[in-house]
Each structure stands twice: as structure tokens, then as C-alpha cells.
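Here is the structure we will look at.
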């Protein structure tokens, strides 16, 4: 098996072409001076990024308030999700690795559930439950609580339901590698409990905290299935993209996709750089 | 335990309890209850099996369900077959920087949103798309060819989406195989095929199971790919759930569909784990 | 006398469930002393040390440092610092930051802490290492950083938990000497725990031998080696030959013992009513080519060499002799006439009554 056959090598090459072809065409047709993201090539343009709409009747994505608000909506979801995922994930990781309490195995098992539940079902179950909650509270308090109705707040909760599992797993994996005698040594040298946490434990965890935060940010930004069920009047980016793709795409979607790819590539390489410190 | 420690432990457990309780357990109890309630008059519901009966009596529903299940299995099998040679190459042939690069290049497309990848396939496959254009310009087709909106396109898109989740667990499992074991296999007179079948594949079994389960789960629960690449012919069960919940506002029916899909995915995961004797924890860790 | 006592342990018991990990231990350590606690793994020495450091609370008893009871005082307030088995150097900090850590915890200013850390590093022979990463140090250097990190705080007591365990043999031999020198230079009280009797013998002023939660004997290395008070100490400290047999006669402390295979040996100590254990050091066994060369040793036997264990100056012979169920081990001087002896050669061996310690079985 040590000498791969020509056929095998050919297959590998074909595979990687297959893997990158869709991304490549998305990127290329973002610059096509045509109202449709299709061949033939009609020349290079940046109109779909920064155009004012005078050429194709639609402004470029960076000039279009629809795209800009939808990106803002995505950030309004992704940032709280990432922050909460890191904070709660750290607490959960501590429970998993350090604490002893009855029912811990059950807790560890239940924590994994969200990963095996399809995202659509997480979405509808949270939608249904929070609607009932909102209806109940409305009858009781005589006011409607907006946060429990479809909207950004509910999307944050829906995404947290499974992103928390992933954040917890990332942080717990790092915590498991921690040598507890480091904490004891710091304590022995006169540090207070909070100082030990601040100067020893958290610095050790920090690559995992940054990593979990970036992964959470990315997963939130790109989540579609759960978000679709919980979306209200202000759609995040994937929902808007989906709507436009159903209607018949313009190269504006290519342009926004390319921007997302660049941003994601940046985040991913940041993550790769921080996780290198792990090993 | 001292009261102070007890309080600390409780405070630390609070977020986890809120998370699992409010976002996982109670919502699922809610749709379970919802799925058994029938609308008898506007805003009046009572307990009944009507939503499930509706599923079995309306052919569109159960056919879509069966179609989703069968196509998901097909997609999983295709993904496994396509991914295996790649994983084998990454794990056992490629060395050093090439290996790291091949693996990284597998990961990259999957950091990009599912919608962007699907958009790429749409641009490639549609009537006015790249493939059709190339076929015409080299003379293999005389008129535009529509490659989108059929089962082939749906399967292609889903396999593409599942590849990474198959390659990584497979490569991890294959990585741990001792080279000397493979050499011994050859040394004892095994042919390439026998060594692959008797030594390499059994060793990779945990990875195969883990990858297959994950790909199946992702495929069955997918929404955008079948809808966008299949168009009207996509007919995916998640779309039915969406239609009941959002378009028709018939939540009890949608909840029943949700429970059915959850059951399907749980049964397949459970059966996969049982058949291979693995636990969920180790399987997910493999991935 | 009591004013110069740094550490006093008074009848300390530590119970885990129904198991007594430390079972009524009392001792005191004088100022500037190098005190070792020697015992096999699981004897309770780590638990004892963690109680002194403040990581565990004793079930009963008292721990006093310079007359002050430490019960209820948390580890970060005790004038005790510990060198961990894993060293536990902070990997996220530089060497200098590691050494300055304890000072900054005490509220010493950054600049002052850095200055003192630099001076301490100089004193332990790590001048100019302040900015290095701890991961970039060799095993011996890491060891010195761990000790410097404690000493810079000028603690009453430094606890060392088998810090040499992870080092390779050559470096371990070297570090034994270096540790002893450091301790002498700073004149700080060291309490050192180990399962390696040679580490304890080489470095310590006094050693406590610990077994199953209690102290078997406390004494200087010489006392423990030459006058073990219990069979455990006799067999745990240093190499020894060990036989057991029937007590044939005992008058005063002179005992005669008959081994199961027939030989009769004479030693000194407390014989058991029926059965006794006897110990004799390999270096106490005299060797000769004939009866006469053994002089008038009370125990004289004849046997054959069954194995030559060559190890330079530590070389020894195993001798099979009629009447002994186990071969006797004797030091083989490499400068003597027997240096070239081979397996199978006949040999005479013997030892004086005083060299053989007898205990009740």
C-alpha cells in the first residue's frame, strides 16, 4: 500500500477539484459583469460589491441596506452566542472535569444529545415551547414578551442549544489536560483562589476559550436549519441568502458569499493559529 | 459537603440545568404533547392520534418520509465509498506536509456556509450553468442541459456536504493501524484486496460507523440542499415539517412529523451503535 | 531547644473512610535540618506531606510550625512552600515570572519582585535565565527553578515531594549533591519525601522510615543503617541478606538461630519465642579461600560461587552453601585477591555475631 497507483493519485486529484469547484465558481462569478451568475464571461467588475445600482439595477452588496442590515442581524446573534457559549461552556467543562455530584454520568450523556437532534427539530421544539411560555405569560401578566416570540433573541437561544455542547467539549478537552498540581503550586506560593484562577487556570485554558469562541461565532453565523424555524422580522444572513437563492440569484449573492468566505477563512486561520499552541 | 460548597456547586450547575431543561428537555416534551393534540375547533385542542394517522393515510407524507430515509442511506453509502480512498491516502500514504495540507484542504470548504456551497453547485449545474456551457462549447451538447432539480443533483449536493464528516473519522481510525500489521498481512501472502478486506476495513470499523452515523444524521436533517438543488422534486421530509409549522401554521401536525423524524434518526443512530458495539460518547469523540 | 524547632507534628491521624492513611505520627524537625521521610509508595508519606503543606486537614492531631498551630490555616497562608513531584512550573510564564510569582502574590511590587527573582536565580546558578520559557530548560535547570521559586519567599520550611523521580540516573546522582549544597547554603529547613533509600541516606541529617501509616524509626542515616530497630527498617534501608529460622537459644541479646535447611547462625538482638528473622549486610560478610582467612568470626561456612554480580565498586557474589535455602550475598572487593573469582569456585565466608541483627518474626 506504500506505493499508490496512478489511478489512485488521479482519483485524489479529481476529488480535490470536485471539492473546490463550487467554491471557485462562486468566487469567480462575483466579478462577472452580467446580471446573472452564469457564463459566458462578460468582463471583470466590482459592481456587485460597491456598485450604486446604476448598471444592473441593483446596488452592490456593500452599498445595499438589505445586505448590511442582514449582516448586522447575524452579528447581533453570533456575538452573544459566542460569549455565552464560552462562559457557560467553561462552567460546564468544570462540572464535567472537576466536580463530583450525583447524576454526573447522566448529565455528561444528556449534554451530548443536542448533537444527535436534527437542527430543524431543535428549532421547532424551541419555537413551540417558547410560544406556549409566551402565551402563558401573556395571559398571566397581560403583556406580550417579545423575546419569546420568533426573532433574534429566540435565534440566540436556539443556536445556543447545540453550540453550547460543542463549546463545552472543546473547553473540557483542554481542562482534562490540565495538571492540577499547577493550581496547588500557585496556592502554595501564596496566591488566593481567585488569583490562582486568573493567573494559572484561565491562561492555560485560554487557547481553548478563544477556539471555542471562534467556533461558536462561525457556527452561529452559518447556521441555517435551526435559525430558519425561529426567524422573525429581522433575518440573519443565511436566511436572506436562502430567500434570494430561491427567487433566482444575482451575482450579489456571489459577492456576499465571497465576503463570507474571506471572513471565515480569516477566522479559521486565526483558530488554526491559536490551536497550534495547544500541541 | 459544607453548605458553602453546596451553594457553589448549585450555582455552577444552574446554567447547565437551565440549558438542558429550557432548551432541550421541555421543548421536546412540548412537541411530544403537541403531536398528540388534535384541533377540534379554532383554538380548541384535544388528545388524539389524528396527526399520526394523517401521516399514514396521506401518501405524500409517508412517501416523502420513506424517500428521505432511503436517499439518506444511499447518500451515506456513496459518501463512505467516495471518502474511503481519500481517508486511506491521507492516513497511510501521504507524509508530513503533504498530509497536513491534504487534510486542511478537506476542512476548508466546510468552514464555508452550506448555502455558499449549494450556490456553487447551482451555478455549475443549472441550464444556463457552467457545466452546460462547457458541454455546449466542446460540442457534446447541442442545447442547454438542465442538470439541476433532479435526484442526482440532490444526492450530489448531500454527498458533498457529508464528505468531511466521513473523511475525518475514517482517517483517524486508519491512522491508528500499525504499519507492521499491514506488512504482516502482505507477508503472510495476502493480496492487496485481502489485506484491505480482512485487516484494514475491520480496523477502520469504529471510524466507518462514526462517520456513517454523522453523515446520516446531517443528511436526514438537511433542509437547504434538497430544497435548492431538488426544487419541486426535492421532496425532503424537513420541508414538510417547515410547511406545517411556518406555511400552514398547523403546529400539531408539524410536531408529529418532527417526532417521526427524530425517531427515524435516533433509531438509525442506535442501530448503528448496537451493530458495531460502540458508545455515543466515543463515537462523537471520533468525529 | 524548642525555640529552634521549625516543625512539630503531634500525633497526627488522617483517616479516609475506615482506612488510616497516617496513623498517629509524631516528630519534630529542627531549624536548618534536612529531614527525610522514607517509605514505599502507599505508606502515607504523601498524605503526611500534603497535610503539612495545607492541602489536606488531619483527622486529629496538631501540626505546628515555629510553635504556631497550622490547623485551619490554608496552604496560601502557611510559611511552607513545596517542590512538587511534577515540579509544577507554570508553563505560561517565563522562568523569572515563575520565581517572582509568590512575591507578587504577597503584594511585593513588580520591580522589586523581579529584582529579587533575578538575584535568586543567580544564587542557584541560573544567571540570565529569567526570560527563558520554562519548557526550554533541561531537567536539572527546571529542578533549580522549582526550588528557587520556593526559596525566594524565605519560607520556614521547604517540602520536597520526590522531585528527583523524573530525572535520569546520572542527573539524579548529581542533583542529590546539588540539593544538599543548596540546603546548606540557604540554611533552610528541608523536609524531603522519597521512596529511594539512597537519596535519603546521601542527603539527610535525619530520616524517618514510614510504613503503613506510622513511623518505624527516626534517626540519622548511620543509625538506621547500622542499628535498625525493626525488621522493616533493616530490609528497607540498604542491601541486606535476610533469613528466617527457629530460635535455638537466646541468652541476653546473643541469639542462635537454626535455619530451615539446617545451618545454625549466631547474631544479636531480640529473638522471637519460636521464630526469628536475621539480617546481615553484604559488606559485613568476609570472604576467604580457606577457613583460616576468616579469623575467629562466629559464623563460618563453606560454599560455592553461584553468580558474580559485577558492578565496579559495588560488585558482589552470590554464594550457595549447604544449610542455606537462599544464596548469601557478599560484597566482592575489586582490589582484593578474590577479584577474579569465577562461578563454581569453592569459597569460605563468615561474619561476626555483632554484624547480624535478629528480630522476632
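All chains are identified by letter, namely A, B and C, in their written order; residue positions are counted from 1 within each chain.
Here is the rule we go by: a contact is a pair of C-beta atoms (placed from the backbone, for glycine too) under 8 Å apart; a residue touches a chain by one contact, two chains touch by 3 or more.
These figures come from a predicted structure and were not determined experimentally.
Between A-C and A-B, more contacting C-beta pairs join the chains of A-B.
Chain centres were defined as the mean of their Cα atoms; on that basis the chain farthest from chain B turns out to be C.
Here the chain at the heart of the structure, going by C-alpha means, is A.
With each centre defined as the average position of its C-alpha atoms, the distance from chain B to chain C rounds to 61 Å.
In terms of their C-alpha centroids, the spacing between chain A and chain C amounts to 58 Å. Averaging C-alpha coordinates per chain places the centre of chain A 18 Å away from that of chain B. Those residues of chain A whose C-beta lies close enough to touch chain C in the complex are 179, 181-182, 184-192, 195, 199-200, 203-204. Partner chain A is touched in their complex by these residues of chain C: 53-55, 74-77, 80-82, 84-86, 88, 90-92, 101-102, 105-106, 149-150, 153. Those residues of chain A whose C-beta lies close enough to touch chain B in the complex are 1-2, 4, 8, 11-12, 15-16, 18-26, 29, 36-40, 88, 91-92, 94-95, 99, 101, 107-122, 124-130, 132, 157-158, 160-161, 164, 218, 221-222, 224-225, 228-229, 238, 241-242, 245-246, 249, 253-254, 257, 260-261, 264-265, 267-268, 272. Remark: chain B residues 9, 12-13, 15-16, 19-20, 22-24, 26-31, 34, 82, 85-86, 88-89, 92-93, 102, 104-109, 111-124, 126, 128-130, 133, 160, 163, 182, 192, 195, 217, 220-224, 227-228, 238, 241-242, 245-246, 251, 254-255, 258, 261-262, 265-266, 269, 280-281, 284 touch chain A in the complex.
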